[in-house]
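To keep things simple, chains are lettered A, B, C, D, E, F, G and H as they appear, and every chain counts its residues starting from 1.
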Amino acid sequence: MSSQDPRTADLGFARVDLERAARTGDPEVVYGAGKTPDQVVAILRTLHDRHHERAVLATRLTPDALDAVGRALPEAAIDPMARAATLGPLPTPTGTVAVVAAGTSDAPVAAEAALTVAVHGAAVDRIDDVGVAGLHRLLAVRDRLEAADCLVVVAGMEGALPSVVGGLTGVPLVAVPTSVGYGASLGGVAALLAMLNSCAPGITVVNIDNGYGAGVHAARVARRAAPR
Amino acid sequence: MSSQDPRTADLGFARVDLERAARTGDPEVVYGAGKTPDQVVAILRTLHDRHHERAVLATRLTPDALDAVGRALPEAAIDPMARAATLGPLPTPTGTVAVVAAGTSDAPVAAEAALTVAVHGAAVDRIDDVGVAGLHRLLAVRDRLEAADCLVVVAGMEGALPSVVGGLTGVPLVAVPTSVGYGASLGGVAALLAMLNSCAPGITVVNIDNGYGAGVHAARVARRAAPR
Amino acid sequence: MSSQDPRTADLGFARVDLERAARTGDPEVVYGAGKTPDQVVAILRTLHDRHHERAVLATRLTPDALDAVGRALPEAAIDPMARAATLGPLPTPTGTVAVVAAGTSDAPVAAEAALTVAVHGAAVDRIDDVGVAGLHRLLAVRDRLEAADCLVVVAGMEGALPSVVGGLTGVPLVAVPTSVGYGASLGGVAALLAMLNSCAPGITVVNIDNGYGAGVHAARVARRAAPR
Amino acid sequence: MSSQDPRTADLGFARVDLERAARTGDPEVVYGAGKTPDQVVAILRTLHDRHHERAVLATRLTPDALDAVGRALPEAAIDPMARAATLGPLPTPTGTVAVVAAGTSDAPVAAEAALTVAVHGAAVDRIDDVGVAGLHRLLAVRDRLEAADCLVVVAGMEGALPSVVGGLTGVPLVAVPTSVGYGASLGGVAALLAMLNSCAPGITVVNIDNGYGAGVHAARVARRAAPR
Amino acid sequence: MSSQDPRTADLGFARVDLERAARTGDPEVVYGAGKTPDQVVAILRTLHDRHHERAVLATRLTPDALDAVGRALPEAAIDPMARAATLGPLPTPTGTVAVVAAGTSDAPVAAEAALTVAVHGAAVDRIDDVGVAGLHRLLAVRDRLEAADCLVVVAGMEGALPSVVGGLTGVPLVAVPTSVGYGASLGGVAALLAMLNSCAPGITVVNIDNGYGAGVHAARVARRAAPR
Amino acid sequence: MSSQDPRTADLGFARVDLERAARTGDPEVVYGAGKTPDQVVAILRTLHDRHHERAVLATRLTPDALDAVGRALPEAAIDPMARAATLGPLPTPTGTVAVVAAGTSDAPVAAEAALTVAVHGAAVDRIDDVGVAGLHRLLAVRDRLEAADCLVVVAGMEGALPSVVGGLTGVPLVAVPTSVGYGASLGGVAALLAMLNSCAPGITVVNIDNGYGAGVHAARVARRAAPR
Amino acid sequence: MSSQDPRTADLGFARVDLERAARTGDPEVVYGAGKTPDQVVAILRTLHDRHHERAVLATRLTPDALDAVGRALPEAAIDPMARAATLGPLPTPTGTVAVVAAGTSDAPVAAEAALTVAVHGAAVDRIDDVGVAGLHRLLAVRDRLEAADCLVVVAGMEGALPSVVGGLTGVPLVAVPTSVGYGASLGGVAALLAMLNSCAPGITVVNIDNGYGAGVHAARVARRAAPR
Amino acid sequence: MSSQDPRTADLGFARVDLERAARTGDPEVVYGAGKTPDQVVAILRTLHDRHHERAVLATRLTPDALDAVGRALPEAAIDPMARAATLGPLPTPTGTVAVVAAGTSDAPVAAEAALTVAVHGAAVDRIDDVGVAGLHRLLAVRDRLEAADCLVVVAGMEGALPSVVGGLTGVPLVAVPTSVGYGASLGGVAALLAMLNSCAPGITVVNIDNGYGAGVHAARVARRAAPR
């Protein structure tokens, strides 16, 4: 597999897959963890050069990488809360994903999920601060939950929110445990285990803090949902 | 410490502590796990002989032990769901403990907690089948939660119920994780971790399936609560 | 919450929720673990009496419970591989779920997922014995994967199959780890962790051996997918 | 749920719950972890503006946040050992909580518990340096233990102190494991497990280092205790 | 290493080491777990034939193996509580080991430790039922603790007893965690971790339920202690 | 064992083993973790002085240590990606090891393995970026896998690559889990468990990130392979 | 993939892969766990019918399955210690694998490894009872270790034997942890971790009790070793 | 317990126990972790003022604390390798403890153990760099092992050294696991588990990196050993 392979671009420090969209219908994504700001900029630019017509997403960016992208690629959209950036036009959304978060500390993960949904072609409805210790706030948004084609439910600590939401509605639901907590939260493992053991049927789970993965799944579900 | 010690009774296979009541105000208790039916009967009889005036509690009894107690001590009260028995009159209750259970599978642990509360001198209000996947059932009993002097909340699987109850009321709350579940429930560890990480403040937790321990704590709280 | 509540039926040993279908669009389900054969039969009969027009599902049945259901409810459909039974007509399927299994030992979990999908209103395409150690078998069914509206991918041991399938297609995918394995498989935890860490984006995961939960999620996704 | 909701105050970076007191009888609390000093100051000020008549508590403050609070809110009371601050008058205490600590390293957690108790309306009796390796110090304060309406017992390392205290008295007891230790203490998990397995009945447990949670539970118990 | 090796006896199913005594000064020991009753009898007989003058120890014997030894080797001494047997005369004891146990459930492990000490040449002082929830019983035997040359302290559940004993005396102490407990005791891991984290200096620990290992260490210490 | 022992060189801070090559046929190796740059230089120089004719390897070097080696020993070969250096001529290779890596983040571990193979006397064929989410890249190099005498397969996250490679070929295979991942990857434990449970027979595993250990094993296998 | 696929034989309850030998050079293997005796017999017979000229291996057989194979396939060779059977002629061995076991309890795993080696085409040298607590026995067989082309080293409990053997020789070494042990051995995890952390370079590891996997790897190495 | 208690000295930030020596025969010890350099100096000075005639030990000192002690207390003896200091004359040694270490990385823990032994009244024989991968070095010091009254054996990684030493001699042995290692060493847990599962009888274990605890136990054993 030489650098002449038209399906990849060899940047020296990385070989960029140029045909994921063809294979899965999803946009290209740069996982920023462990990459220098310059590397992030270079990969974003390369992917964008090949596909001006659709957005590229970069996630898990350090503050330095966010700065570098903002300076080098002024047309990029920076999302500091999501620690992410996009380059190129977002697709016209099909279907809607409601991104539900338990507390303010879960906001970065929820923001990553929401941006991922938008880049992957679905509309987003953000519902924040509806933790289970204040049920009235959650019950007040029940119709927005029902109106979505897929739900992403983000929670740390005891991870109870997906169970409560899953008891209120039959919309497909992806739960995202966050590393918010301390002591016996074990870096998010407590919330992860709780979500895997939910008594509400049909809840599926992604890795701790993996807003991106939840967003990809939810957007795929929403995109293929029939209009109602 | 010879067998002449008036504070203990030496049965050969066990040395029975006869003055726990004096020291802590609680009744004597026989932990049945690992004991033969005959041993359970013998210890119950010994304790009862010393203290006719108050109840003795035996927990974690096998079906054989429950049978043996029923045959040998016809005046004993058998509670098959709680896998427990009492011998001697229950105390007049002071204060009330609401014992709340998420699902029918949690019933044995809730029953053990309830019987323990009664033996330790408080009244019991049982609230069953109010799991978080069906919130309307829980919201319907909110006034009973508020009316209690202490709550014991029993749940397996994701262990979310204490967080939801703890968000509804400020009554002192003891959470009991149960071993109900499979796979990543890890024998109740998932529920235990969830309860320890509850976002609702003031929730305390006991060991997995430890309805007895929760009942002791709750009864002690209820007994000293001022009448309202 | 009295037994007069029209939303529940009180059988003494269980309070049966009669309106889950109204709330979530899903059928009633009896979780058989920890219930006696007679209890399973009684709950199935009660639920069926209320809703003759649609199927009720009973899962995690022991061989004795399967026998009892077969004798007492001859119109029930018994699925020994799935350790499950249904009573009442299956709904007309909408959309298709492909249930993909790595090895023959994973068959019970795959069968539970497949039956759950059918009871929840989607068509099933079973693809078995396509473990990653023999890639040619998986590559030969690539078009069937693409034709589905949702995928359920079942694997034990190292749990690698979802990652490989997720790299081949962008169809929404739910991974089910099984407890197949020994030693450091830790009862399925190895496969669970692998699936949570998949390098293929958009994979979501359910509890170990939870074919039922995966089936519910997948059927919900398939049911709302637009016809293609 | 718009920012017009009278039950919350939207500060942009956080939505502050203004009616917890009405719902649970407890004061408002700011959890400082992950918040900037300016955010802590802003939330404290907002909550205090609404409720001049009662104290607001801020916990888990960094040294910088403690400084910022001291400078911006000179009427605030700073407790450096507890890493916490209060703003507004403490309530008149009802009942007494004894906060018992094993070693000097456990002091920050004990201080957090003690301040929480005071803010939540009970009196505090601090008993320090009574670890189980020097029993004479603990036995010397037995009457103070008995005089309390609830006990908070703080210990790291092997977490044995609650068992010993629980054997001396029948006062309701909340155990707090701390992360004091190294190696196989596993960040406090060893002490947590020990406390959950205590042989003394009626001991309940909170998360590692969670002096706040223990203080809330204990104050609730003490507040409703009948005067003796 | 042929079967002619004078240092070993080849019984077909096992090769028996005949010179451990020469190498370490300790008696031969048969670990009975996983061996048939006939194999246990055969190994005991072989070792005894070589060394009539000193005792051989067999541990972890099933009830069947205990019966078989009793019938086939009538001169053997059976200790049912320790699940062990000895064949041949016990050595004249040098020094004393106090074997201290927290509860009656710990008795089998304490008995194994005590018999091991005796077979390895030291005298035994058994101190039972001195758990930390009843300190007065422990304080009453303080002089017996001081009089020993080494202590073996056996406890399950929270494993607190060694810390308390270690604070009372400077005698060398070996702690033995037992698997007594349930739920979060994790089969004795909770007690093991507690003992490893003891705040009392100089405590050493052996594997869960390993009364034999503790007995060997303690007897070696006591044997070489100078008479006082 | 005095410093006069001709088999070791005592540098004060370390005693260097000079005869490993004689004992195992392998070169001397300096494990750089926890050593100062000056210590690394000193040990490399000492080993090189004794054995000018063959290479010495230093692994796990910090950037400072790599710099120090480059300045002090200009004839050393620095491999920044492998965080390693060699001094002295590499041996003439016998046999070939293919070092296969899943993603660019796994490159440092793969580079350490490759350099180790070369220093231990085998030729290296590097195959990068062939993760299981893009099977076509792996299938394109199938003949290079078959041509090797031993395979080292490096992967993080779900660790699925060794299973897929192991299903394609019967060449001896060593799997190396890396710590690449987050959340439930548990620092590489997820990949380690996956590899230990591989459904492809004959896969062996080394510690997380242990490219060195895998390289030693693979080179030993390749060196003794008969020419084909 | 129909049952007409010439590469597989569909037995109804299993689809048997008939071309593994062509793909990897290894014989067909039946993993007996979870299969009925009749199923084991049927698969063995089918595989043997296709390949009379070479052996088929069945592992993890229950006593009932071993009996059934012995009765139904009298020409099969039964190995009760390995809990395995072979059908068809063993290949002429190329190269030698030394299978080294620490204790008699490790014998079943060592026997499985040895039989696997033989079926996969290498000669076996069994070295038993050379645990690290009796080093003289191991040192006495040092030349047999050196004479092998690959080593399989089997040990339970603390798993130290591979480190000691790996320090004596540079022959490629595969370590097999066994589940022999109790308490903190955690079912073999202690030995597994020890082997993964060996201080002797070049040691690779397989799953707990996986004698089969170690045998496959070792035979592949030995088969391609050049004659010496 | 007022500051007037003659058994303690209240320094404001700590209450110093002045009578441990009377109670256990051991010197006072300052555990430096979490204390400022000034606090360490103050406590050392206070303890020394009360007991000029015997040494005080301070362990786990940071480099800053070591410097501060050296400057403020010039008569103190600083041991940088052990990260410890002593003040006051060491006792005349009784009996001998051999402190055995596997590798150079284990030196800090071995040094802490050795200094602790000396302060607690026994002579020390240091034996370094005798890891199991080079058995000849260990076998060469066998007589020094036999000559000791107690052994402290320090090892990280796979923790095999105590098993090998324990097979060579019957001297009482304390094993100390260290946190030396990476990946699956889990911060020393691998070595800890290995030592707890040693196949050599009579080995006892302390917490990870706890050279101090091992030294206290060993010195107590050696001090009471009869002269030989």
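One rule holds for everything that comes next: contacts are C-beta pairs under 8 Å (C-beta built on N, C-alpha and C of every residue); 3 or more make two chains touch, one makes a residue touch a chain.
Keep in mind that this is a model prediction, so the values were computed, not measured.
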Interface numbering overlap (same over half, different under half) for chain B and chain D: same
Inter-copy rotation, chain D to chain H, in degrees (Cα atoms; steps of 5): 90
Which of B-C and F-G has more C-beta pairs touching across its chains: F-G
Distance from the mean Cα position of chain F to that of chain C, given in whole angstrom: 44
Centroid distance [mean C-alpha coordinates] between chain C and chain A, Å: 27
For chain D paired with chain G, centre-to-centre distance based on mean C-alpha positions, whole Å: 58
Multi-chain contact residues (two or more partners), chain D: 134, 167-168, 183-185, 189, 192, 196-197, 207
Chain pairs in mutual contact under the definition given at the outset: A-B, A-C, A-D, A-F, B-C, B-D, B-E, C-F, C-G, D-E, D-H, E-G, E-H, F-G, F-H, G-H
Interfacial residue positions of chain A with respect to chain C in the complex: 23-26, 29, 149-150, 168-174, 192, 196-197, 201-207, 212-214, 216-217, 220-221, 224-227
Residue ranges of chain F touching chain A (in the complex, touch as defined): 104-105, 128-129, 134, 137, 140-141, 180, 182-185
Residues of chain H that touch chain G when the two form their complex: 102-103, 131-135, 139, 157-160, 163-164, 166-168, 181, 183-186, 189-191, 193-200
Chain H residues touching chain D - in the complex, by the definition given at the top: 1, 13-15, 17, 33-34, 177, 179, 187-189, 192, 207-210
